[in-house]
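Got some structures for you, see below.
Presented sequentially are two complexes of chain A, the first with chain B as partner and the second with chain C.
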Partner chain A sequence: MLAYSIRRVFQSIVVLLVVGLVAFSMFRFVGDPIDNMLGQERTDADIERLRGELGLDRPFLVQYGRFLTNAATGNIGISYRQGRPVADILVERAPATLELAAVSGLFAMIMGVGLGVFTAIRRNGIMANVIMTVSLLGVSLPTFLIGILLIYLFAVELGWLPSFGRGDTVKIGSWSTGFLTASGLKALILPSITLGLYQMTLIMRLVRSEMLEVLRAEYIRFARARGLRERAINFHHALKNTLVPVITVTGLQLGAIIAFAIITETVFQWPGVGLLFINAIQFVDIPVMAAYLMLISVMFVGINLVVDLLYFSIDPRLRIDRTVSEG
Partner chain B sequence: MTFKRSALIALGLVLSCSAAQAETFKWASKTDPQTMDPHAVNSAPVLGFLNNVYEGLVRRNKTMAVEGALAESWEPLGDKGWRFNLRKGVKFHDGSDFNSEDVMFSYQRASSEAADTASWFAPVSEVKVVDDYTIDFMTKVANPLFPSSIANFMILDKGWAEANGAQLPSKEKENHATLNTNGTGAFQLDERQPGLKTVLTPFAGWWDKAEHNITRAEFTPIQNSATAVAALLSNNVDMINPVPIQDAGRLQQSAGVNVIQGIEARVIMLGFPHQAETLKYGADAGKPNPFKDVRVRKAVAHAVNVDAILKTIMRGNAQPASQLVSPAMSGYSKANAARPAYDVAGAKALLADAGYADGFSFGLKCPNDRYLNDEAVCQAVVSMLAQVGIKAELDAMPVRTYWPELRKDAYDMYLLGWSPGTFDAEHPIRFLAHTPNAEKKLGSWNFGDFSNDRIDEMLAPIQSEIDPAKRQAMLDEAAKILQDEVAYVTLYVQPLVWGARDTVTLTQRPDNFFMLRWVTVK
Partner chain C sequence: MERVARAWNSDFMWSFRHSPVAVVSLALVLLLVFAAVFAPLVAPYNPFDPASLNLMNGFSPPMEPNAFTGDVFWLGTDDQGRDVFSTILYGMRISLFVGFTAVLFALVLGVSLGLIAGYVGGWTETAIMRVADVQLTFPAILVAMLIFGIAKGITPVDMRDEMAIWVLIIAIGLSDWVQFARVVRGATLVEKNKEYVQAARLIGRRPGAIMLRHILPNVLSPVLVIATISLALAIIAEATLSFLGVGAPPTQPSLGTLIRIGQGYLFSGEWWIILFPAITLLALALSVNLLGDWLRDALNPKLR
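Take a look at the complex of A and B:
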């Protein structure tokens, strides 16, 4: 177990370094930040001076090296656009994204498992078929469009929910939360559905097919023959055995939820790190882009690691295999 | 089941509580002002926003005319400079008094190496404090436009800046003035969350009489146009800027919403490589550059059907442009108000005359996120040029890669928009028409190296001529030369489209600055 963990951590660090390298080699194709930083009345001399000051005239390997050495000392740079430390900006923006991701993850999980079980049990019912058909929309419509549709329906036409933003937030330490105000909670609804819909559909379909598989298994038939109650069979015996792949997928999707929050955040003007990243691309704010990409890859790699270890502890067969193979 | 029921009840409760937004005026724009420091960044979103908080010696009124703000009056000191008589009894937001020391300090700050606004003070040789309420700005040569050129030069409090370590503007790192303000304007900064929201409240001690009835104003940047339109329609915001042109008609018909249209100060034009020896793109790459011939440039001017572009792409919201400035700017040349007529046969004849009867092909560079519908305009230009037999290969790109391309001369023709910072015809001559001269900081946006001795010779006299009639005569001559030489093919003046709830009364200025002090809400 320990050797396995250490090896995985080491692999993770290599992955991170490679991601950073690729990111830095791409930045110069994103564009030139200088024009955005200087006003209309800049001269060519100003441009050259600023380029030199920012080190943009150096090869990307040198820039990457400088980023890494600074990052090692805890300094991940200063935003070109805002002129403020990137770390401060990320700390300001992270709660919005994390809360959105948590709520949509929860939404996807609860609705996905619930509907999955429902459609599996009543697989010939009208309702189940309607849900299955509608869920196809969830997978095939782009997030952007779903967001706009929801906004037009619930904000513009019905006027029930806010069309953008986070509502009022309450500060607890450096964490700003929208969970404690009515407007904050209302503001969470549409973006969470938009962001979680795809994952929900995915989980639902996964649970459904796993359930169908399990429901055909012999031990379920025996349970039925023993006269156990239908609910106990479905939720206790059947569902439990479908959860291993569901946990894997959900874990991996949690990373995707945070990373792909970019689009949802743009549509709903949700002030999280995704929106920050989009702004950074438009402005060629290299320090922010670099920090965001590194953060996201740290997160992905971390989640993968955790899922691997969880998997390891949930499924006893894996554990035995591992210990045997690792001697 | 109980969980389900309580969840439903909770949801119901959430839905029934409507947000308290009665008193607050909310508005949204695409760009968040990147700093609250009035000297750190010379960009329209920053200056426009901060004009609500800070004030200059002079300010622009609803029709863009210059009027006194922190200076009550000003008079020329012969032809050596200007004397400003400052307003007495003006207070900063923190209650400290305003006097000439603050102006001196702000001048030193705004003209420092660290400031983005230093170029405004290039004509200044010296600034002298005469007494507490009198200050002299001496200029190197006579400068009749100086007072109006510093309408965006905002004054901050010396004591406050020094006490908080914000003596110099800082762009590369944060300082106190990046997030905090202390101005004399009608509104003070209540809350600043960069990229999220910025809250302003009226300043009770403002020297001028308030015309607005706002009690609290909240600004949110909304990048996505569709989101902004939805926010306005759903009454989540009271005003948005801009409204996408394609949505303007639909929005106008929606209940409760008004679309406010005008024209901006920005003129959109096509630029040429005036000095390049060869073409760089298209099938004729490497062949001699046809645009060096004025007949070819004239042919382009006649080939582009500006009215059609305005009708289809701008939905009738823009005005054709005959010269580098719009009619709303001072120094506009009425004598040269006609722009080349749309004339396919004439254009073909000119091309034939220049030896290009069979046309040629070349590369047109265009931004796709800088000006309103910029890429669509370029596509239209391409098809119009095709009708006179010249084939343009369009390469549209985001503005963040566009300017570097233009600086590298990587184009055969390009699209450019220019909004004169001083709202005067001299500005584009200095930046777009004068021969590039890095040392004198002239012609810095003249990518195509247009060069005309007479224009170069006239710039200095235009800058220093005090007699308005003589000055206009020179501006007319310059406009005529630029038209005759087809230095640029000016296309149209960019439209300005804002949207607001019908309860809101506001003033739209051609500089696209949104001034809260003219807003009333029913």
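Take a look at the complex of A and C:
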């Protein structure tokens, strides 16, 4: 266990170093940083001075090391487009994305488990079949079309919900939240559904198939024989045993939610990190792109590491397989 | 003639003829590809020829005569009086071109790396598969966006629009090679210990020839399945990127770009500018996807 954990952590660090190298190369080789920072009226002396200040005359590895230590302390450079430190912009934008991701994750989890249990129990019912068919269609719809469809229905035709932005936000320290105002909460609904729909169908299908499997098991039949209520059997005996895979999948999907927030944020003009990233690509704002890359990598690699280690400690079979295949 | 008959009666064709879903989706794919390839002949107008445009025709609803000119457009017109049906045909051309080329690129790259990893083994294999594992950690669309962003930064400003399509192809292709490499490596590991490979090695064929002439033909059927499903994914990825404004340039609008443009008119009630490109995109992606599903079942009866 310990050897595996250490190796796994070591791998994650190597991945992050490589991602850092990519981010650093973007800074260093995509366009000339000196060109980007100095205006038209520069002298050779200016260029030399800045080159010295930025450490661009040092060996490659020294520069890379400095870049990493800077990044670790939150100094990621200055946005070419906004002329402000990237770290400040990220801190300002992060709450919007995190709130959106949290609400969609919650939506996906609750609706997914609920519908999954429902479709498993009423396997042959009309409603269950309708839900399954619609979910199949939902998976093949691209995210941005779902967003547009929802905007058209609920914002244009019915006029119930706003079609863009976060509504009014309240500032608590440096965190701006949309949870505390009515318009902020209303603005969250459509983007959260758009973002969480795919994960919801995924969880729903997973719960359904796990439930169907479990409901056939001996101990469920025994519980029925004991005369327990259907409700108690379904939720206490069956659902509990399906939750381990559901939690792992949800954990792994957390990263995907943050990544796909890019699309949702663009459709709804949601002022989060994803929209920032898309704008950075459009205007070739390298520092923002590099910072986003590093931020999201830390998140992805971290989530994967935690899930792997958890899995490894929960499921003893993995340990045996590994020693067999490697021994 | 006899060969045709034999092919027609093969298991593969039998399964095709008895799957209505497969027949319908293949017909739809062929129809759409045909319409896209021959867009200049099929389309009633050339939307990119300024001489054929009449601003007075702008915002014509579908199937209704225009208020000023009395011209009728099947699917209506956009703000500049371009026929929506024609822009869809030309847009589908770009979407399909990017999709096919990106998948081809991913296929060649992934299959070669997979063959090498499986056949050569050792640290080459470790290196290739580690890179694949790391890339698989990130969603393909994110990888494609990043590659697009970096490539955009490298290309000179005045060439960006011209190069955008190719940058898009490379970005989507590079984000998609892993699937091919993993499957081909797995199959190669099985094949390379079989007797025909040992025989080829014994008579002194070089590794390159063994990989290409002996192993490759035997690992191709899963590759075909992945390629079809990848095509659907690539079409959607292209549409998503173009919709986000980091894909096809405005001078060469794909289906995604058309949807992006149409989104602006959703509030003013010109629904047809966005609806028809969206339906076309869905029909295209869905039919390719269904075809891929059928292909998977037909080529691999064990999975059913």
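Keep in mind that, in the parts below, the second predicted complex is superposed on the first by the 250 of 327 C-alpha atoms of A that agree within 3 Å, B and C clash if a C-alpha of one lies under 4 Å from a C-alpha of the other, contacts with A are read in each partner's own complex, and residues count from 1 in each chain.
Just so we're on the same page, a residue touches a chain if its C-beta (ideal position, glycine included) is under 8 Å from a C-beta of that chain, and two chains touch if they have at least 3 such contacts.
Since the model is a prediction, treat every value here as computed from it, not as a measurement.
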Check your understanding: Once the shared chain is lined up, is A:I148 touching chain B (first), chain C (second), both, or neither of them?
Key -> both
Practice item. Report for A:Y219: first if it touches chain B alone, second if chain C alone, otherwise both or neither. Key: neither
Exercise for review: Return first, second, both or neither, reflecting whether A:R81 touches chain B, chain C, both chains, or no partner chain.
Suggested key: first
Practice item. For A:V15, decide between first (touching chain B), second (touching chain C), both and neither. Key: second
**Study point:** More chain A residues in contact - chain B or chain C
**Key:** B
Check your understanding: Regarding the shared-chain residue A:V156, is it in contact with chain B (first), chain C (second), both, or neither?
Key -> both
Exercise for review: Considering only touches as defined above, state whether A:N304 meets chain B (first), chain C (second), both or neither.
Suggested key: second
Exercise for review: Classify the contacts of A:V284 with the two partner chains as first (chain B alone), second (chain C alone), both, or neither.
Suggested key: both
Exercise for review: Would you check which partner chain A:A256 touches, where first means chain B only, second means chain C only, and both and neither mean what they say?
Suggested key: second
Exercise for review: Considering only the touch criterion stated at the top, classify A:L185 as touching first (chain B), second (chain C), both, or neither.
Suggested key: first
Exercise for review: Please write out, lowest number first, the residues of chain A touched by both chain B and chain C across the two complexes.
Suggested key: 30-31, 148, 151-152, 156, 163, 266-267, 278, 282, 284
**Study point:** Interfacial residue positions of chain C with respect to chain A in the complex
**Key:** 134, 137-139, 141-142, 145-146, 148-150, 152-154, 236, 239-240, 243-246, 259, 263, 266-267, 271, 274, 278, 281-282, 285-286, 289
**Study point:** Interface residues, chain B side, partner chain A - complex
**Key:** 13-15, 17, 19, 34-35, 40-43, 116-117, 119-120, 170-174, 178, 193-197, 220-224, 226-227, 230-231, 233-236, 369, 398-401, 403-404, 407, 419, 421, 431, 438, 441, 444-445
Check your understanding: For chain A, which residues count as touching chain C in their complex?
Key -> 15, 18, 26, 30-31, 140-145, 148, 151-152, 156, 163, 255-256, 259-260, 262-263, 266-267, 277-278, 280-282, 284, 286, 289, 293, 296-297, 300-301, 304
Check your understanding: For the complex, which residues does chain A have touching chain B?
Key -> 29-33, 35-45, 47, 53, 78, 81-85, 89, 92-93, 148, 151-152, 155-156, 159-168, 182-183, 185-186, 189, 266-269, 271, 275-276, 278-279, 282-284
